[in-house]
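Chain nomenclature is as follows: A, B and C, assigned in order of appearance, with residue numbering initiated at 1 for each chain independently.
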Amino acid sequence: MRVEGFLFEQLLMITPVMILELAGVAVFALSGALVAARLGQTLVTVCFFALVTGVGGGSLRDILLGTQAEWLSDPWVSAVILASALLVWFTPERWWRGQLLEWADAAGLSAFAALGTAKALEFGVAPIPAVVLGVASGCVGGIIRDVLAGQPSILMRPELYVTAAALTSILALAALATDLPRLPALLIASAAGFALRGAALVWSIELPSYGNKKAGRDGPPS
Amino acid sequence: MRVEGFLFEQLLMITPVMILELAGVAVFALSGALVAARLGQTLVTVCFFALVTGVGGGSLRDILLGTQAEWLSDPWVSAVILASALLVWFTPERWWRGQLLEWADAAGLSAFAALGTAKALEFGVAPIPAVVLGVASGCVGGIIRDVLAGQPSILMRPELYVTAAALTSILALAALATDLPRLPALLIASAAGFALRGAALVWSIELPSYGNKKAGRDGPPS
Amino acid sequence: MRVEGFLFEQLLMITPVMILELAGVAVFALSGALVAARLGQTLVTVCFFALVTGVGGGSLRDILLGTQAEWLSDPWVSAVILASALLVWFTPERWWRGQLLEWADAAGLSAFAALGTAKALEFGVAPIPAVVLGVASGCVGGIIRDVLAGQPSILMRPELYVTAAALTSILALAALATDLPRLPALLIASAAGFALRGAALVWSIELPSYGNKKAGRDGPPS
């Protein structure tokens, strides 16, 4: 698929995208490793959670596309995940409190959503499913992590999270449909999703929920 | 794979199958959206549950077959899922009580089981695994929905459900082995599974469970 | 991929590997069927658990590799799974107490880890991901079984389990990199992992967990 003559140009263009992807993997791997560490698990389980959270979303995207999971042919992804797990293991848990990780997760979420939509379009997926695949790339690693840990996943909380991924994916779809080059298109879409997720973190923006969307209805929906 | 000259004939034959498939997607999407709505979730989560339940079974079938998930190249499936989620969101929950949905779910279950077996055979799968894939196509969307929602899945209840999908898949396998054209073969198999599931709904037919299958054993199995 | 002239040699070489694989499937299927039987489930659910546990790890390996799941084109695997489920169903549960099954599970775990790594390498996967795929082949069937049954999975217990699979996979990677023929390479790697898992069973070897790895910290980690 690659013309040899364009190799240098491709390298220039593709490197920032790869860095974006590895950073997203690292951030998700850290969040997975931390969940396992907080549950008082062993190093092996910490590595497992780092792996599942780091590559879960991208793997689902790839297997739905009917192609081999990207991290299998990329020696960096596994190394980054292992390093993330060891970092969590050998540092005290209190280093990782506070919102630092939530912000990093927001960056990973929006980077993966943009990259996922772009890859889906490359594989000839229709527009709406391409947006869905982008959202899944961003959110699914965290969902698997929470289900395995027996925690209520972000999916079940009213906080704005999936919506930020959806905004990124829709913008990525729109930007890639224009003449914009790939990298700025993805960066603009990611930045918008990151800003929305950041706003949700700062001001605790929540979506209305089904039971409470009707006026005059009180009490928790059963 | 398609000869241009047979296009019209193919269209005549394929359209009812596609309608069968879209109806199944809609029914499962509705059931997923309702579970999320009853849990008091947001619109985004309602859409997510509609998606996972609507395409979960078919996606598992396709990824096991090593092919791209069908809904990625079909613009209708995503639209049907979105519409189902919005329908649940903008209508009061009491509209959806009663057994209407259970009957619709029975229709979706048997339609997907027949279609799943047929697709597996097209991909050269051996007979027993083809039946297994048909059953998975029918049941897995609902199982993922229940696991994500933290509910005991239909799988763990003694009520006849998977069995109805198995009946449909076995009959589809047998009917496709004869000279019967594809559509009537699938419709006959679906109708039989639907009738069995319907009978289970009307008369609460249950399978014997392991602890209770031996005579003289009382009390709930632990 | 196969030269006709080498058919006889291939048969001689491949048969023990296939037997290794079918034995692993049978053992995992038995463990899955038993979990469902102990939960007092129906025969259909017992079959479902046998299937998911028996082919879960190998299926994940295959779909990540972007290829069709092996058991779909192999008529033996489904038959072995069905037989395992029926065996559990028609025998009293007390036959299956004790550590026999744990030892069989250890054999399945190490066989699958070695076979998974070998298959990943055949598909051109990088070394570290190939080890990860081997570990996943060995462990994931049991994890899905436990998540579906609502039980804490082996993954969350400090007992040495995933580590044994990792030892097997790393040794398989090393042995296949030498000039050793495929079968003895896989058998040596499997034997080492089996021995480690066996030692963990006999002497209850546990890995240190995150909360307790620091000296002077008492009480359960929260």
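The working rule: a residue touches a chain if its C-beta (ideal position, glycine included) is under 8 Å from a C-beta of that chain, and two chains touch if they have at least 3 such contacts.
Please read all numbers here as calculations on a predicted model, not as lab measurements.
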Review point. How is the touch graph of the chains shaped: line, ring, star, complete or other?
Key: complete
Review point. Which rotation angle, from 0 to 180°, best lines up the CA atoms of chain B with chain C, given as a multiple of 5?
Key: 120
Check your understanding: Just how far, in Å, is the C-alpha centre of chain B from the one of chain A?
Key -> 29
Point to revise | Multi-partner residues of chain C (at least 2 other chains) | key: 63, 66, 147
Review point. Which part of chain B faces chain A closely enough to touch in the complex?
Key: 36-46, 48, 51, 59, 62-63, 66-69, 71-75, 77-79, 82, 89, 92-93, 147-148, 150
Revision key, fill the gap. Listed in rising order, the residues of chain A that touch chain B in the complex are 63-66, 120, 123-129, 132-133, 143, 147, 152-153, 155-156, 158, 162-163, 166, 206-212, 214, 220-222
